[in-house]
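Quick notes on the structure that follows.
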Amino acid sequence: MKKLQVTLLSGRSLSQGREKEQGKLSKSYFQSVACCEINGEDIKEIGLDYGENVRISTKYGSVVIKAIAPKQTLERGIVFIPYGIWATQISGSETDGTGMPSYKGISSTLESAKKEKVLTVNQLIKKSFRRKITKKR
Amino acid sequence: MSQNVISNAVCTVCGCSCDHLEVTIDEEKIVKVKNACAMSSGKMLGYMNERITQPLMKKGNTLKPTTYDRAIEATAKTITKSSSPLFYGWSLTSNEAIEIGVDLAEETGGFFDNTTSTCHGPTILGVHEIGESSCTLGEIRHRADLVIYWGANPVHAHPLHMSRYTVMSKGRFRKSRADRKLIVIDVRKTDTAKLADVFIQLKPNSDYELMVALRAAVRGDEIEQEIVAGVPIDKIEELAEMLINCEFGALFFGLGLTMSAGKSKNIEAALSLVAELNSKTKFVIMPMRGHFNVTGANNVTTWLTGYPYAVDFTQGFPRYNPGETSAVDLLARGECDSALIVASDPISNFPYQAAKHLTSVPLITIDPHITPTTMCSNIILPSAHVGIETTGSTYRMDGVVLETRKLVDPPKGVKTDVEILSALLKRVKFLSR
Amino acid sequence: MPKYTLRLKKKIQNPLHLDKISPDGFIDKKINSINDIETWEGNKKVKLKSIFNIKKDLRYKTEEVIIEILGNMANARRIGYQMTKGKITIKGEGGMYLGESMKGGQIIVEGNTGSWLGSEMIGGTITVSGNVGDGIGAASRGTTKGMIGGKIIVNGNSGSDVGAWMQSGTIRICGNSKMFPGLHMKGGTIYIGGNCQGRIGAQMISGKIIISGNIQANPLPSFSFDNISSKARIEKDSIDGPFYVYTGDNNENGKGRIFINVESNSQLKWYEKFLES
Amino acid sequence: MEKEISILNAFVFDPLNNIEGEKLDVHIRNGKIVESVGRKARKINASGKTMMPGGVDIHSHIAGSKVNAGRLLRPEDHRKDVEIKTKHTHSGVGYSIPSTRTTGYRYAKMGYTTVFEPATPPLKTRHTHEELDSTPIIDKGCFPLLGNNWFIMEYLRDGRLDECAAFVAWMMKATKGYGIKIVDPGGVEVWGWGKFIKRLDDPIPNFDVTPREIVRGLCKVNKILNLPHIIHVHTNNLGSPGNYRTTIETMDAVRDLADGKRPIIHITHVQFTGFSGSSWLNLGSGAPEIADYVNDHNHVSVDLGQVIFGDTTTMTADGPFQYFLHQLSGNKWVNLDVEAETGSGIVPFQYKRTNYVNAIQWGIGLELALLVKDPWRVFMTTDHPNGGPFTSYPKVIAWLMSKKAREKMISRINRTARRKLDLPNIDREYTLGEIATITRAAPAKSLTLMNKGHLGLGADADIAIYDLDPSKVDLENKPFTIRKAFKETLYTIKNGKIVSKQGQIAGNSYGNTFYTESQVSKNLEADLIKDIQSRFKDYYTIELENYPITDNFLRNPAKINCEAEV
């Protein structure tokens, strides 16, 4: 399967900012954050359509999220993921002596993950952090 | 119906601290918010979503309801026993709570860090080396005829910034958008960039080179390279001319600068550029602070310890060196044996490796909401929203302090950060005696 | 003088402050008083003997105290702080701020070390067989005095900010380096044998930086191309080039010089047009 | 702790009550000085010791946004001087910009019990109060910066003095401020554009008012409002050669407003505005001229702003001067302008003995102190941390009390400066009584703090007992003994409680924050509010309703009421 080298940016988006106030387990938060903006040419190149799932891997990890059309202009070779638990699965904890990890400008690979599912917050925590969680209230 | 309208309420979302909200309250519920941006009304109307209303403690593998007293007792025992406790968060609470938090870290000999270390920490490291030429936002509103947003996207992250404080605002000496130039420098054409008079798109991770070239151009030095950071030198020189020829320029920068390659050095370059510009005209620089009271967290910590974040109290006095004493580094090295998180969600926000270590030590969280961090916690102490359910003072991004108001009561039985933390401090003092 | 062997007893996860481990601190001390040296493990005051098995070997007939540390000291800070003489050998990781403000003597690490190795160092020699972190020979936050003298030799790779605010002395990195070697440099010499991620000599005022490997892109735009030099000198050694030589940082009115290997940097060939004119 | 204490047999120096070194007993009950106490009172034998009222520092930058920006700028300053947490005290950092707790402890250890932060931008005064509230032990207050305020400049331009007075009264109430501070009148507004003004009669662009009019106007306002302190002025042209003329001109600008009762203008850190000469190369001391003026005119008081050789952090509301210092020194620089009000700047600086300019500056401060004859009108300060940290006060006291101490330093300073200064020819040596005057009695009087700065009946029991026997020690020949004694009290008593004993802080207590309220007539006030409302939104980026500091914001507020004449 075709893999594509891209630069990953993560950042704030208005919808992320708004939806995080709706609660981090909410569907609207999931929809606005568990996604990746990809340029139209790039997504064609890996044989995907918007709305399908994509796998992004860096040297720090790998995560499956939904590919979406850029909400703001995006050049080829750059992908954007809003801040959130999905973005941090693939960001690095090296801080170059500054305390600041690397969230922006990480080189990463993009590939189709049509058949895979995007994990919800609950599933992701179970998978990544193992400590069991339980429903509250 | 007894609707109550509160005017001039202070917003507690981003660093803009807009204080002109008009909030309508009906039977102890906020039903309407005027003058607010999408993020603000999202919070004001959605603050009751996914709330935790009772303290929870892990028994075996499940979280069980408990009382504040028991949860605080267990927390106090855990952190006093620890050799290297971490106290992290603090940017979404009041100065009063932060002050107690610092004392708590001091009392237990721990590490006190706030979210600065993963947003504008590099900015502060840059200021340590270069200083900064800055001002309050009103100065920019009144005087600035040129505004730059570099690696910042206020349309999304600080929605009212431009209309209240910069290009779209009405000042004493600048009446409208037409009186000002807006320059946006970013790696992509953001929604902010679409409003710009001049948009400069640079290659990712090359802000530093562009900043250096721009400074050289401002100085009038010859630049041998023809293209820097993907931008032709002519364009850089043109930009330099604009900067020199303005009467009052303001450079705002965001995480695009602090997070991309170079980090604190990008900021050093920006601060040096602005200092240089002051020999030609008046120029100021300001970071676009994210959380509503991250500036307060820096200020409170600084007046108590001399340092703005990442303070190490393990030896009984404040020590500081981000990269060593900052949360992500401590966690990545595994140097932390318990953690108290206040009003923050590091499990979502920290790189995986650091977050992973957090879930391997006793984790206690004080937060109003269910978050990935509370979901991984051993003890959860629910708290009231500052600025909605309780008062407290907060710092705008430019250091102007405002007193937030209490608009409604917190959910029944839910305590404030100040109440929880002072009870905890009292308990810790008792235990360490 | 004796040799002391410190063998780490257990895996330490908390921050360890070991600034008292230095030949100067051990000199003329009985083994018991060395065992009882107080230090910090996290926020707990502990004695050295709770961390290490300490042996004193009197058979060594060297002139100076030798300290040998066995174990992974990744969580340690400030071993060899302000030492003036003698020798410390670490078999394992060396931790952070190793040899901070060191004035003389020798530190040898058979392994990697963390950040701020030899920060604000004044004299002496540090040799590391593995990789090192960020801020080697740098200044502490806010100050403008980095390494003042001495020598640091790293066989592996280094992080960013090598020799920040350095005033004098020599740093040799045999492997690769991340960004910003010689940041704010005011004097001394930095040599990087491998590749460097760039931004060499940012805001430097004086001093010399030599890069034998590739630097990915152009030097910073505030540097001027000077000439091509067949050799570059570090102390008494001569390193074969040829090298592109640049001066700067012009933004700081700097007179520093950076030497960049011609063969490893074909992307810089275009600078040669300045030679012809 | 004991409610009653008797301090027995001390050599008492209480200039306000004309007591100079008499052996007396002083009794304390419930935080006040009283005639007598019961037999069970705790007794402190102070025979052979020197006792003074607690020190009052009229001008020391200890709290607020620029102080904190200075802390943030200088991690290197903190690293070399730390305070370790003890059972009774918090940890902190020290040196030139100590953390809040350390500030309180260190003042208390030196026997100081009241300190005023002399420059708070009104818009950011909440911050100042947050820090003052976090500063233990000492009483405090702050002076809002009003010399570049848009409302004030406009009222003065339009000749609306009463409204101006009403505005200042409103401001004091809104910010919980104590007195009027003027910094580089008009000059900071001009600095908002990166420009400078030089002369007292230069009109300020866009406002059409001159520095002279601002100083005179606010001097009149101060009288109208009957504020407890007088206008506290940092003149124009600070830090530039020849500026002693500006200083004298500024003093003279209000001469005709004097009523003979007490000074009406205080010129602060006059060392920095006491330069003669026309360039850095021929810089000289303007102290003799300034001292002559002060000696001839009793409407003026000054404080020193003495320079201490060593590393410090300069910080003032004088943005343009700080930029100039940054250019001069090449050191890092912070600038923080505040909308419609003021600005500030910060630059780390090292005063060097061997530097000509610095040596002259050192001489100017001491010359002033020694040439001004009336100790009631010259107060000891270092303009902390601008001239040096407040912890250097013992050094200054030693220089003032001992010619020998001065000679020792003079022999080590830059040679050209040594020849240029008059200082070597000045023989005056301060007595202990005069030291008590310039460090507590006179500043307390200038602030009209009726219960401070003296030990009369009913005074606050703020007391410093120093390990110094004036009957035995030949003071002028023992400067080191003086320094040692004033560095650390035997006892510091605050509100009748022992807060420091031989340098050991007893614990965390918090003093009062003084502020003034001057009530103008209801009609005037109502008109004023209407006027403010009409323009506030145009001038500020926060709402008028959110501007005033609420009443319960301060930890221990202490209101001083005054009667306005309008």
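Labels for the chains are A, B, C and D, by order of writing; each one numbers its residues from 1.
The rule we apply is simple: contacts are C-beta pairs under 8 Å (C-beta built on N, C-alpha and C of every residue); 3 or more make two chains touch, one makes a residue touch a chain.
What you see is a predicted model; the values in this text were computed from it and never measured.
Interface comparison, B-C versus C-D: the higher number of contacting C-beta pairs is recorded for B-C. Closest chain to the protein centre (all Cα atoms averaged), using per-chain Cα means: B.
Centre to centre, using the average C-alpha position, chain B and chain D are separated by 34 Å. Rounded to whole angstrom units, the spacing between the C-alpha centres of chain C and chain D is 46.
Rounded to a whole number, the gap between the C-alpha centres of chain A and chain D is 56 angstrom.
Under the contact definition stated at the top, the residues of chain B that touch 2 or more other chains are 125, 128-129, 261, 313, 315, 320, 322-323. Counting partners per residue, chain A has 96-97 as the residues that reach two or more other chains. Within chain D, the positions touching two or more other chains are listed as 73-75, 77. If touching chains are joined by edges, the resulting network of the protein chains shown has some other shape, matching none of path, cycle, star or complete graph. The full set of touching chain pairs reads A-B, A-C, B-C, B-D, C-D.
Note for the complex: chain C touches chain D at residues 140-143. Listed in rising order, the residues of chain C touching chain B in the complex are 13-15, 17, 40-44, 74-75, 77, 96, 115-116, 134-135, 140-142, 179-180, 183-184, 199, 202-203, 217-218, 220-222, 224-225, 250-251, 271, 274. Contact residues on chain B toward chain C in their complex (touch as defined above): 82-84, 108-110, 125, 128-129, 208-209, 212-213, 215-216, 219, 221-225, 228, 261-262, 265, 268-269, 272, 276, 312-315, 320-324, 333-335, 337. Against chain C, the residues of chain D that register as touching in their complex are 73-77, 79.
Remark: chain A residues 7, 9, 11-14, 17-19, 21-26, 60-61, 72-75, 78, 80, 83-85, 88-105, 121-122, 124-125, 128-134, 136-137 touch chain B in the complex.
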